[in-house]
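You will see chain A twice below: alongside chain B first, and alongside chain C after that.
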Partner chain A sequence: MTPPLLSVSNLTVHFHTEAGVVRALEDISFSIAPGEILGLVGETGCGKSVTASCVMRLIPTPPGRIVSGEILFDGRDILSMSDEEVRLMRGRDMAMIFQDPMSSLNPVFTTGFQVGEAIVTHEPSIAREPLRARVLDLFRKVNIADPETSVNRYPHMMSGGMKQRVMIAMALSCGPKLLIADEPTTALDVSIQAQILTLIRRLQREEGSSVLLISHDLGVIASMADRVTVMYAGSIAETARVRDLFDDPQHPYTRGLLGAIPRLDRDQGRLAVIPGTLPNLMNLPQGCKFRERCAEALPVCAEKRPALAEIRPGHEAACHARTGR
Partner chain B sequence: MADRSQGSLVARRILRNPIAVAGLAIILGYLFIAAFAPHIAPFDPTAQDLSRSFAPISAGNPMGCDEFGRDILSRIIFGARTSLIIQFFSVCIALVIGVFLGALGGYFGGRLDEAIMRVMDVLLAFPGILLALAIVAMLGPDLRNLIIAIGVYSIPQFARITRGSVISVRQNDYVTAARAIGENQSSIILRYVLPNAISPIIIQTTLRMATVLLTAAGLGFLGLGVQPPEPEWGTMLSNARMYLRSAPMVAVFPGLSIMLVVLGFNFFGDGLQDALNPRLKE
Partner chain C sequence: MGRFILRRFAMLIPVLVGVSLTAFLILHLAPGDPARLMAGVEASQEDVDMLRHKFGLDRPLPVQYAMFVKGLVTGELMSLRFESPAMEIILPKLKNTLILACASIVVAVVLGVTAGVLSATHRKSWIDYAATILSLFGISMPVFWWGLLLMLLFSVKLMWLPSGGMGTFRHIILPAVVLGTASTGIIARMTRSSMLDVLRQDYITTAAAKGLTRRLVVNRHALRNALIPTVTVVGLQFGQLLAGAVLTETVFTWPGIGRLLVTSILARDLPVVQAALVIIALLFVFVNLAVDILYAVLDPRIRYNG
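Take a look at the complex of A and B:
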């Protein structure tokens, strides 16, 4: 097996706020192989975006604090790099697409200039003409109509879908090995969503880069990802290949999520809901974080937090009821 | 909106506001007079003719003469030049230093911000004119020191406004996006943060031009500004004070000039504020 491109192990991140310590991430471990799309799902506030920010080292410290853990990217430890090394790595080796294309572009420069800027940052000696050619090429690659005109447009002259394409062009400008897409389609309407996802998929195949796709939409994950990691309240509940996860979910939380999806192919009456609410990240219960909402809770669940354990090759879940311990 | 740029949009909004247009007209007239003073002024502003002291308003001297028989109109015209020099350079000093400090504090935050803003608080704790007075008294009264004094006392205003604006712009997604493509700190500040934080700074600059002129005139009036015989409106006003009962017109024209120019900058500044306010979309 080839070594993973990105491997995060035992990452724990706290945010120190005035109200107390928020345990945003607890003992997160996952990895992404070269050329793989890993989906990261979970509800709002479960730590998906914090995970992505940690990988890019974009979380503000303070108030954030990486308590423990290791992030290895291409064999290098990101958390021990100098600020300058991290800066040079961003955009060149790994790039990010943000959730809201409306606010992710600088309103005072043209979109073409901004994509060019992303290239110039990493290749300061590039001449004007090759730079222009590359920007036009990128605009073409992400299917922006009429690239010659579009490069001279300001962000406010473009639609959300177009802006997201510009963001993708910017992210791809230096051929990154890892692309982090943080809910890239949440802010777009459904017809544009499909186009953007198809685009990301196509470019991922062409460039052979890995993608960390963050979403709360299981449909998006099912159609895009090779493997899925399900997060709950700052921990990983389950990691599996897409088919395995949807066909045979192990963790009660994953089952609950899948049960809550409306289906067109059968009449199911009322949708299933997961009872209860998310635990407070400032005051987490002892034992399993999902215990209070779980129908299968065992006595041990109140005492010990379950660790991620392999249930079958390539399928891990953090649940006492599954691992039988 | 189509392909119209921000600049032409702002210009259109200003031109539609009569008060702002009036302000702009006053400012342009003032700039013109200051720039072409030697060509416009009928007399040498420092040439004395004691036989004509306190000469009344006439065709030759449209504003009359002062106690030494100098033509007041010529002195007002050359005074515009002095005032403009003071305004321009002192606001420049305040703008450059204030924006630099404010952007640094606002962007990096933490201890650096604390340190910068506490120094600014100390400067703000002095009543403005008193601070300028102290600086001039220390350095000695002349044009250069007047500019330094007024510039220094205007720094905190620019620092505070820049800091506030930078803090709100810093939180935008495009700043995070800039970090995510590997931009370094200085280009993030210069290309992403400052251009988006500039509106309140522009407005402050315009309004500050008015305040600075008043301060300069005030210091001139107290005898700490530009020294006679150089024509300066505040100094002229101060000299005319002695003859207020016998020759009131000598005080009226410098006073009116100060008022008019201050009004012009304030009108224009207010208009600019409305035009640059993004919530006033058409």
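Take a look at the complex of A and C:
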């Protein structure tokens, strides 16, 4: 088996706020193989974006603090790198696409300049003309209409979908091994969403890069990802191949999520709703974080936090009821 | 853009009418008889009447205003004190004041923006607190008192800089610093808050995620956006500097329009006072026009169409 491109082990991150310590991530572990798309799914506030920021080491410290854990990227430990090493890695080895293309591009620079800047940062000796050609090429690659004009346009002159294409062009500019897409379609119209996802998929195949796809939309994950990791309240609930997760979800939370998807192909009656709300990350309950909302809770769930355990090869869940402990 | 500038020039007309009317009416709203004030308490009634007639002060107000405007436009408005056209007295002094105001604004922008950026990027550190305290100190310090303190230290004790007058580069340092102190504080506060706001924006994260150095992220991506509100303040401050120049010029005996205003008021040289006020207002309007043009340069979202 090839070693993973990215492997995150036992990552714990706290945010120190005036109101108290927010336990944003607790003992997170997952990995992404070369060329693989891993979907990271969960509700708003479950720690998906924090995880992505940690991988890029873009967590503001303070207030954030990486308490423990290890992030290995291409065999190198990101958390022990110098700031300069991390900087050189950003954009070149791993790149990121953000949720809101409206606010992710700087309003005072042309889109062409902002894409070119990413290239110049990592290839300072590149001349004007080859740089322009590269940028035009990237614009074509992401299907931006009329690249020659578009490179001179400011972000406010473009639609949301076009801006997200610019962001993707920027992310791909240096041929990164890992692309982190943080809710890349959430802020877009539904018709545009499909275009952007298809584009990411196509480019991922062409470039052979790995993708960490963050979404709260299980539909997006199902159509894009090879494997899925489900997060709940800063912990990983379940990790499995997409088919396995959708066919045979193990964790009660995953089942709840799947049950809450409206379906047209069968009569569901009322949608199943997960009762209760997310626990307060500043004041987490003892034992399993999902216990208070779980119909299958055992006495042990109130005492011990369940660890991820393999249910079958490639399928892990953190649930006492499943692992029989 | 061209049409925008033209429109702004058209707006000058009502502004100038308002300012000239105000400047003109000050004379007539002020208590006492201008002719009597000019002639002095000892003068006889005939002398006062003669003066009043000589300067047209016995004619109806609208006629006097028309004469004043005509005098302004043709440049024939005469100073009462020097027997020469008011403009010939004002313009050289205006140049001196502009030199001082520009030097002050340079001091204020360089120090203020630097302090504001450092405050924002080192939020809640000792740099931030020091800059905040110094800014508030600068904003609250009375100009004449601050001027005298600096003069005492640098001219009297250390003897590094001249205490007054105009001539060499060394002459301008103290007045420019004193005049620019309050503006420095205000610009620093403004830059800090807009910078903090900009640093929270998503495109700053994007810039960092590209692998840009912190320096480029701050100086290129954040500063250009943060400067937009700062430019407004700089424009307004420039007007403040022209007004503040009255005190600074008096303290440092700088031969500018502020000191001319003070001496002209004391000497009841009313045409010069009125003309100087109109010129200062005109200048202020031009500075604000320049600010509006600068917006469009800094922010491509602002384009003045039609």
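Convention: the second predicted complex is superposed on the first by the 325 of 325 C-alpha atoms of A that agree within 3 Å, B and C clash if a C-alpha of one lies under 4 Å from a C-alpha of the other, contacts with A are read in each partner's own complex, and residues count from 1 in each chain.
One rule holds for everything that comes next: a contact is a pair of C-beta atoms (placed from the backbone, for glycine too) under 8 Å apart; a residue touches a chain by one contact, two chains touch by 3 or more.
Just so you know, these numbers come straight off a predicted model, no measurement behind them.
Chain B and chain C, once both complexes are superposed via chain A, clash. Contacts of A:156 after superposition on the shared chain: both chain B and chain C are touched. By the document's definition of touching, both partners, chain B and chain C, reach A:87. Touch criterion not met for A:200: it reaches neither chain B nor chain C.
Residue contacts after overlaying the shared chain place A:181 against neither chain B nor chain C.
In the superposition on chain A, contact of A:104 is made with both chain B and chain C.
Residue overlap on chain A between the chain B contacts of one complex and the chain C contacts of the other covers 56, 58, 87-92, 95-96, 98, 100, 103-109, 117-118, 121-122, 154, 156, 167, 170. Residues of chain B that touch chain A in their complex: 1-3, 5-6, 172-174, 176-184, 187, 191-192, 195-196.
The touching residues of chain A, counted against chain B in their complex, run 56, 58, 87-92, 95-96, 98, 100, 103-109, 117-118, 121-122, 154, 156-157, 167, 170-171, 173.
Within the complex formed with chain C, the chain A residues making contact are 56, 58, 87-92, 95-96, 98, 100, 103-109, 117-118, 121-122, 154, 156, 167, 170.
Put simply, chain C touches chain A in their complex at residues 201-203, 205-213, 221, 224-225, 298-301.
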